[in-house]
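In what follows, subunit A forms one complex with subunit B and a second complex with subunit C.
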Partner chain A sequence: MTDSDPLVRFSGVRKTYGTFEAVKHLDLDIGRGEFVAIMGPSGCGKTTTLRMLAGLEEPTAGEITIDGRVMNEVSAHDRDTPLVWQSLALFPFLNVKENVEFGLRMRGVPKADRHGRAMLWLERLGLKGFETRRIDQLSGGQRQRVALARSLVTEPRMLLLDEPLSALDAHLVIRMQGVLTRLQKELGITFVYVTHSQSEAFAMADRVVIMGHGEIAQIGRPQEIFRAPRNRFVAEFVGRNNILPGDKPGHELVVAADRMQVSASDPGEGALAAEFLSEEFAGTGIICYFEGPEGVELKAQVTEDQLDDLSPEPGQRFWLNWAPGAAHVMAGI
Partner chain B sequence: MRPSDIAFRLYLVALFTFVFLPILTSMVFSLNSDRFPTVPLGEVTTHWYETAFSRPEVWTAFGNSLIVAVCAAALSTTLGFVTAYTDFRYGFRFKPAYLALALLPPTIPLVIMGLAMLAWLGRLGISGTLPGIIVAHTVMGAPFAMAICRLRLSQMDPALEAAAWNLGASQWRAMRAVVIPFCLPALISAYCLTAAVSFDEFIVAWFVSGLNKTVPVMILEILQGNVDPQINAIGTVVFLTSMALVIIAQLLILRKTNA
Partner chain C sequence: MSKRFEAYPYVWRLPLLIWQGLFFVGPLILMVAMSFWLVRNYRMEPDFVLKNWDRMLGRDYFWNAYWVTLWRATLAGVLASLIAFPASYALAFRVSETTRRWAIFFLIVPFFTSYLVRVYAWQVLLAESGPINAVLGFGGLGPFTMLNSGFGAMVGYMTLVLPLVVILQTFSLAAIDRNLIEAAWNLGASPRETLFQVILPAARIGLILGATFAFILSFGDFVSPFYLGGSKPPTLSILIIDTTKSGQQWPRAAVVAIMMIATLFVAAFAAVGAAYGRRK
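And then the complex of A and B:
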């Protein structure tokens, strides 16, 4: 095994439940020290993929290898793949320290050693002084960190995360994203992060895997996926994209909302005439929605100042255009 | 206070009076020096307790009841927990039938249950023995234990057990380290409740007990002979014992539901 070999390899993995195909066909390599986000709408097979990696589901076909070792027959408790659960799944009858020690206890680590390692991780995650607290006495963010400490205390090579931030308030999500990316860099271990939130995936991951209908729709760096979606499914899932008919049959153009320019008068150069529908405040700017030629929905991101200048009324006519390099061409599918 | 509130309170008082007055009366007469239950009352005395508990057969009956209750409760709780866990953990084709069968015993008329038990235990050759009564009471108690364990398991995040596997616990280890600790209040509660069910149970025990009488069976035998305030004394002890068990069970159920 060399460092350039992938840590995890899915080859031809399929998972069916009765007649339902949760994962149709999956070929995926995950490198050492990589932060990979698996993203997709609910029911796309992302959680099943993660559970197969943790040994909680057995693939119907295909092979999963970790460090070159075929894992299909290895049961969950013999794997070194701790998971941070969506519900966190902290043990309510144990206190904070006992929760963190659990994995060490199951692996037969002596008591004194357990204590030392648990305390180290509690301190590292800012939970010092909370050792004897009950789980129901902690805030959401604190519980999150207990769950992280519990998974990391055994010093795994890989951490699996299943939508761990979905229950947190928006401001805590941003903070936990920082905690997670910093931890991943410091530890240098692989993170496999499953989420339906593109902001989480794009903010943290080195590489994003978009799944749809049990298959990989696209793999790439966040920018690639955002700027150059491979097909309509990805473009629509990522959102904030305009999908327009291309020059050739079967071709489509993708223009990101923030590259769409809105003008009150026709600037020529093939600008699209569109009627204003509504606007939506979106944190980084304002998304304006228009109805373009043949009823196609168009989106353009504008600043507050631009919105004041345009002061659009529903039904008012505008022209939308984009710089020649701003459009990405999708061929086929 | 609004009139409806007052009415509601009065209703509650009336209800509890109706339910508990006969038992309370029995308690009062157990401490009354008069031979017959009449008003006005005589002096306060513990005489009836002393005479009742100086009889060796009373002690034997209490001993029998205790052994039966302890064993039947342990078996019922184990059986009930295993049944409830099977329901929680696995999906299978005949699950509704499985659950219906598991919950069936309390719907069988007790006389029929007693007769059936007598016939069946007779064939097994344990009719009239303590193990025979234990078997009968286990059958009667297990559905209650199962109901309590199911309630608790329904409050358990299914990810909890998987989280234990994920952290290196084998299935058995996860059962011991996670499922049982999580269900512990329910298990204790089920144990107390099934012990109370067994301790109080008369009809089936009457059919199958033979010479090894439990307390309720013995009470009937004394009653058949004569009316004696000793019965009140024994009854009071029985009532307090099962009440204590039921109250412990209830406290545990309520506490865990709030947690």
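And then the complex of A and C:
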């Protein structure tokens, strides 16, 4: 094995439950030290994929290898693939330190060693002084960090995360994203992160895998996925995109909302006339919704100053256009 | 402004208080008082003498009955828990939701018939010339004396408590968050380690309550030790019957009953402490 070989390889993996195909056909390589986010709507097969990697589900067909070793027959407790659950799954009958020590205890690490390693990770995640607390005495953010410490204390080569931040308050999500990216860089291990949240995936991942209906819809860096979606499913899932008919049959244009310019008068050059519908404050700007030709919904992101200048009224007519390079062409869908 | 009397919460608590007062505290006080009364010419007379306590607690036959009852009830609690667990485990983890519901239903069905009737059925089955010994006889075994023994009493206790223990265990096992079990595997626990390190601690309350119910029901039971256990040695409940029958000694029976209640209180509090108590 060399370092350039992938750590994880899914080849032709399929998973069915009765007649339901959770995962249809999956070919995916995950590299060493990579932060991969698997993203998609609920029921797309992302969690099943993660669970197969952890050995909690067995593939119906195909092969999963870790470090070149075929894992299909290896049971969950013989794998080194700790998972952080959405519900965290901390043991309520154990205190903080006992939770963190659990994996070491199951691997037969001597008591003194266990203690030292658990304390090291508790300190590292800012949980010093909480060792003897019960789980129900901790805040959501603290529990999150206990779950991370419990999974990382055995020094695995990869960490699996299943929507770990979805139960947290918005401000905590941002902070935990920072904690996770920093940890991943410091440890240099592989993170496989399953989420339905685009902001989480785009903020943290080196590579994003978009899944839909049990298949991979697109793999790429966050920017690629956002600016150059490969098909309509991805473009729509990512959101904040305008999908317009292209020049040729079968072609579609994707223009991101932040590349759409809004003018009160017709600037010519093929600008689309559209009626203003509503606006939505989106933190980084304001998304304005329009009804374009043939009833197509159009979105344009503007700044607060621009919104003041335009002062749009519902039903008012505007013109939307974009720079020639701003449109991405999706062909052959 | 004066604080208004909030009647609402008290109104809701009232029925419970009345119930407990009428049917528990009242009789209990009467019984304690009665234990100090005297019996003359087969009639009770209110008094305040320690004679009854002295007579009962000073005799070996009381303490023999006490230890036999305590030992058998403890054994019934442990045995019922052990026999029930594999069944409960299977119902909680190995079968579908529908099967589980049917199983729970069939566990409730035995309670439709009188316990006494079921114990009579055992009398037939366990008899020296009964069908069980007949079957064993074909294999060249026996006949075994199963009636009028500790074994017979234990069979009766199990008839009484097993369905209940299985139900309590099944509910507590089924209520365990499946993610906890998967998390244990995920962290390297083998199925055996998962059972002892995660499933048992997580179901602790239900398991202890099941054993406690088995203990309490067996401890106070009269039917099994009498009809299957042969009343030799007598248990405390049999002792109560004997005492009241012979010479109308209700005050002495009250002493036995108070000892039983005190024992059950201690056992119940210890069990609740063990079930809900925080560790360390």
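For this structure, a couple of remarks:
Note that in this section the second predicted complex is superposed on the first by the 333 of 333 C-alpha atoms of A that agree within 3 Å, B and C clash if a C-alpha of one lies under 4 Å from a C-alpha of the other, contacts with A are read in each partner's own complex, and residues count from 1 in each chain.
Rule of thumb we're sticking to: a residue touches a chain if its C-beta (ideal position, glycine included) is under 8 Å from a C-beta of that chain, and two chains touch if they have at least 3 such contacts.
These figures come from a predicted structure and were not determined experimentally.
Superposition of the two structures on subunit A leads subunit B and subunit C into a clash. Of the two partner chains placed by the overlay, subunit B and subunit C both lie in contact with A:P82. With both structures placed on the common chain, the touch criterion links A:F102 to subunit B and to subunit C. Legend: residue contacts after superposition of the two complexes on their common chain; A:D136 is shown touching subunit B, with no touch to subunit C. By the document's definition of touching, both partners, subunit B and subunit C, reach A:L56. Overlap of the subunit B and subunit C interfaces on subunit A: residues 54-56, 75-78, 81-83, 85, 87, 89, 91-94, 102-103, 106-107, 150-151, 154.
Against subunit A, in their complex, subunit B makes its touches with residues 157, 159-160, 162-171, 173-174, 177-178, 181-182, 184, 259. By the touch rule above, subunit C contacts subunit A in their complex via residues 177, 179-180, 182-191, 193-194, 197-198, 201-202, 204, 278-280.
If you check the complex, the residues on subunit A that touch subunit B are 54-56, 75-78, 81-83, 85-87, 89, 91-94, 102-103, 105-107, 136, 150-151, 154.
If you check the complex, the residues on subunit A that touch subunit C are 54-56, 75-78, 81-83, 85, 87, 89-95, 102-103, 106-107, 132, 134, 150-151, 154.
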